[in-house]
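In what comes next, subunit A is part of two complexes: it sits with subunit B in the first one and with subunit C in the second one.
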Partner chain A sequence: MGILELTYLLQGLLWTLLLAAIGFAGGIVFGVIVALMRVSASPWLRIPAIGWIGLFQGTPLLMQLFVAYFGLPLLGFDVPAWAAVSVALTAHASAFLGEIWRGAIQAVPRGQSEAADALGLPARSRMVDVIMPQAFKLSLPATVGFLVQLLKGTSLAAIVGFIELTRAGTIVSNQIYRPLLVFGVVGAMYFALCWPLSLWGRKLEQKMAAATAK
Partner chain B sequence: MTLDFSVVTGAWQSLLLGTVGTLFLAFSGMALAMIIGVLGVVILRMQLRLPSLLVNAFIEIVRNTPFLVQIFFLFFALPLAGIRLNPTLTAILALGVNGGAYAIEIIRGGVESVPKGQTEAGLALGLHKHEVFRLIVLKPALRAIYPSLSSQFILLTLTTAICTSISAYELTSVGQRIEAETFRSFEVYFTLTGIYLVISLVTMWLLAAIGRRAFSYPQR
Partner chain C sequence: MTEPNSARNATAPMIEMRHVEKFYGPFHALKDVNLTVAKGEKIVLCGPSGSGKSTLIRCINHLESIKSGEITVAGHRLSDSQKAVDAVRREVGMVFQQFNLFPHKTVLENCILAPMRVRGLSRAEAEATGRKYLERVRIGDQAAKYPAQLSGGQQQRVAIARALCMEPMAMLFDEPTSALDPEMVKEVLDTMVLLARDGMTMICVTHEMGFARQVADRVIFMADGAIVEENDPESFFRAPAHARTRAFLGEILHH
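== the complex of A and B ==
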């Protein structure tokens, strides 16, 4: 494997990072909405959120990518492959992050919202200023864990035909006939991205466990 | 653009067989994952430095690389090692290895969740050694890990879709064949998504029902 092939893989790596970043950023925005709908008292908001989460947690990410990739043009959106993949990853992330944050919001002790009520805070401030900052902290290990999941998930864009790291690996491997070397390098690149995040997530978890044990 | 689902409904027999293939991959993969999981925990509990290091390295590598890269690697590595397997067996192996890394962590947590005093209490109450293990160690440990194992099984079932990349026999590869013959991509994948949703909802419901029956505390 020469410098040319390695540069090609690094280009793929860049796309992998970009896809994960878009999916994560979009997932944060829509995930907050999903989480808030999910904990809402109104069934008109809660039930669609439950359905949304169930749909994305109950089907393979690969199918979600395919449906977006072939479905968006049918709806009249003539979008490039990377945009279709980004839409699917964003929707996927919004459901998973929404569920993680739902759990975190509900894990904030009830006394907190009662105290906010007793102080006469309006409902909006109770959620934004009292509940959400605490929920954010509680959800951090699981959120980091999902980011690792999402980074690995972007590899499925390869099956749709988008040239990110894994697809770049397949192409290089077909050219130089050294599949073990190429996929070993590709795997090592994913590992270099994901492992530090995993370690960070575990550290956050241990810190929190120690804090709650006190 | 009009949708035409007749190509999908016309192929219901292939889709049914594909669904059976998917369930077969999921069950075999999970069985292998459990074997790897138990073996891994046994090795870790021996507390020898090098074997523990290897098991931990295995867990970290599997958990921090995509399944697609793992299955490609195995697909090309096995023949070089002189092992010739068909794509479906390769897929089961890949699913088992992937699920195994997660199973080790889950089972380890379950074993550690049973305090030692519980065994001693059982013996003190005059229960036989085997009864102590079955009722006081195994059952609580299984009860503790059952929910995690259930969701791991659902995840593994959804992961089987990726095995289409090496043409293993399962639902997605059946769908891709229908797509190649009819060019009705959206209809095919929309239907597959629905089938997967039904599979995971039914599995979830079944696993929860089994869990309630097998692991509920006696009510008096």
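== the complex of A and C ==
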């Protein structure tokens, strides 16, 4: 495998990172909305959020990518592959992060919202100033864990022809007929991204366990 | 400590509960509770666990809603409307058994949040108020620390200061010393005595009978969701009228 092939793989890696970043950033924005809807007292907000989460947790990411890639053009949106993949990853991440944060919001002790209520804080301030900062901290290990999942999940975008790291590996492998070497390198690249993240997530978890034990 | 609103009738009660009924599912938590608290009056509420004393004070600032009856606080009639609830909470501070300080905020930040968000104070004004009340509870030097860095007694005093920063007309205490190690009970009670001397209207759910003797104008005994007996502390402790009160006092005073 020469410099040319390696450069090609690195380009794929860049797309993988970009897809993960878009999915994660979009997932954060919409995930907060999903989580807030999910814990809302109003059934008009809560039930759609439950449906949204169920839909994306109950179907394979691969299928979600297919639906976005083939479904968006059917709906009249003529979007490039990367955009369709981004939409699917964002929706997917919003459901999973929404559910993670729903759990974290509900894990903040009741006394915290009671204290906020007793002080007369408006609902918005109670959420933004009191509950969400604590929920965010509680959710960090699970959130980092999901980021690792999402990063690996971007490899499924290869199936709709998008040239990210896995697809780039397939192409290179078909050219130089050395699949073991090529996919070994591809695997090592994924590992180099995901392993430090996993370690970080574990460290956060230990730190939090130590804090609660105190 | 707080300026009475001149528009309000000075003789009107600070807190009034009339025929209040409260249920948790089939459980009858409050039974026809009637209570009138005058401005500046200090009430100690006691009774066995499950008697409804915490529920009673949590109804006053609408942490719990009631099934029927009327609650009026500083002239504001409480209802389920958010506006009425906000008006009442604006006038009433509360201190909890578990302190419930915000762990991600420093002591001073705990104190300035509500004054900024609810009273619309600037950060500088809120900090000045915060420091004033932290000094008042003798904990001014800990303003930059986080709650977890303080002892239980210190945390509870911060919680008192946090409530005072809203300059409430009345304070509710829900077993403020029950979660404390014995050596820290006194510093919190001393703070509450100080507050009482300043003329604050107070309702305290507590089993600290020394505190009741020292500051209470009235002691109220509850059992099974109803007010059984109320009297001035002297008569209450010397000659309790009901058998249940005698049994309860026997329990808590003889160890």
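One rule holds in what follows: the second predicted complex is superposed on the first by the 214 of 214 C-alpha atoms of A that agree within 3 Å, B and C clash if a C-alpha of one lies under 4 Å from a C-alpha of the other, contacts with A are read in each partner's own complex, and residues count from 1 in each chain.
Please note the rule applied: a residue touches a chain if its C-beta (ideal position, glycine included) is under 8 Å from a C-beta of that chain, and two chains touch if they have at least 3 such contacts.
What you see is a predicted model, and the numbers here were worked out from it, not measured in a lab.
Colleague: Contacts for A:Asp117 in the overlay, against subunit B (first) and subunit C (second): which applies, first, second, both or neither?
Modeller: second
Colleague: One more residue to check, A:Leu180. First (subunit B), second (subunit C), both or neither?
Modeller: A:Leu180 sits against subunit B, while subunit C stays out of touch.
Colleague: Contacts for A:Met63 in the overlay, against subunit B (first) and subunit C (second): which applies, first, second, both or neither?
Modeller: In the superposition, A:Met63 contacts subunit B only.
Colleague: Examine A:Phe146 and indicate which partner it touches, taking first as subunit B and second as subunit C; both and neither are also allowed.
Modeller: neither
Colleague: Classify the contacts of A:Gly71 with the two partner chains as first (subunit B alone), second (subunit C alone), both, or neither.
Modeller: first
Colleague: What is the contact status of A:Tyr190 with respect to subunit B (first) and subunit C (second): first, second, both, or neither?
Modeller: After superposition on chain A, A:Tyr190 lies in contact with subunit B alone.
Colleague: Of the partners subunit B and subunit C, which touch A:Phe162 in the superposed model: first, second, both, neither?
Modeller: Touch status of A:Phe162: no partner.
Colleague: Touch test for A:Phe30: subunit B only (first), subunit C only (second), both, or neither?
Modeller: After superposing on A, A:Phe30 lies clear of both subunit B and subunit C.
Colleague: By residue count, is subunit A touched more by subunit B or by subunit C?
Modeller: With both complexes superposed on chain A, more residues of subunit A are touched by B.
Colleague: Quick check on my understanding: which residues of subunit A belong to both its subunit B contact set and its subunit C contact set?
Modeller: Common to the two interfaces on subunit A: nothing.
Colleague: So in the complex, which bits of subunit C are touching subunit A?
Modeller: My answer: residues 61-63, 86, 89-90, 92-94, 96, 98, 100-104, 113-114, 117-118, 148, 162-163, 166.
Colleague: Tell me, which parts of subunit A touch subunit C in their complex?
Modeller: 109, 111-112, 114-115, 117-122, 125, 129-130, 133-134, 137, 214
Colleague: Enumerate the contact residues on subunit A facing subunit B in the complex.
Modeller: Contact set of subunit A toward subunit B: 54-55, 57-64, 66-67, 70-71, 74, 148, 152-153, 155-156, 158-159, 166, 169-170, 173, 179-180, 183-184, 186-187, 190-191, 194-195, 198.
Colleague: Spell out the part of subunit B that touches subunit A in their complex, as residue ranges.
Modeller: These residues of subunit B touch subunit A: 1, 3, 60-61, 63-70, 72-73, 76-77, 80, 154, 158-162, 164-165, 172, 185-186, 189-190, 192-193, 196-197, 200-201, 204.
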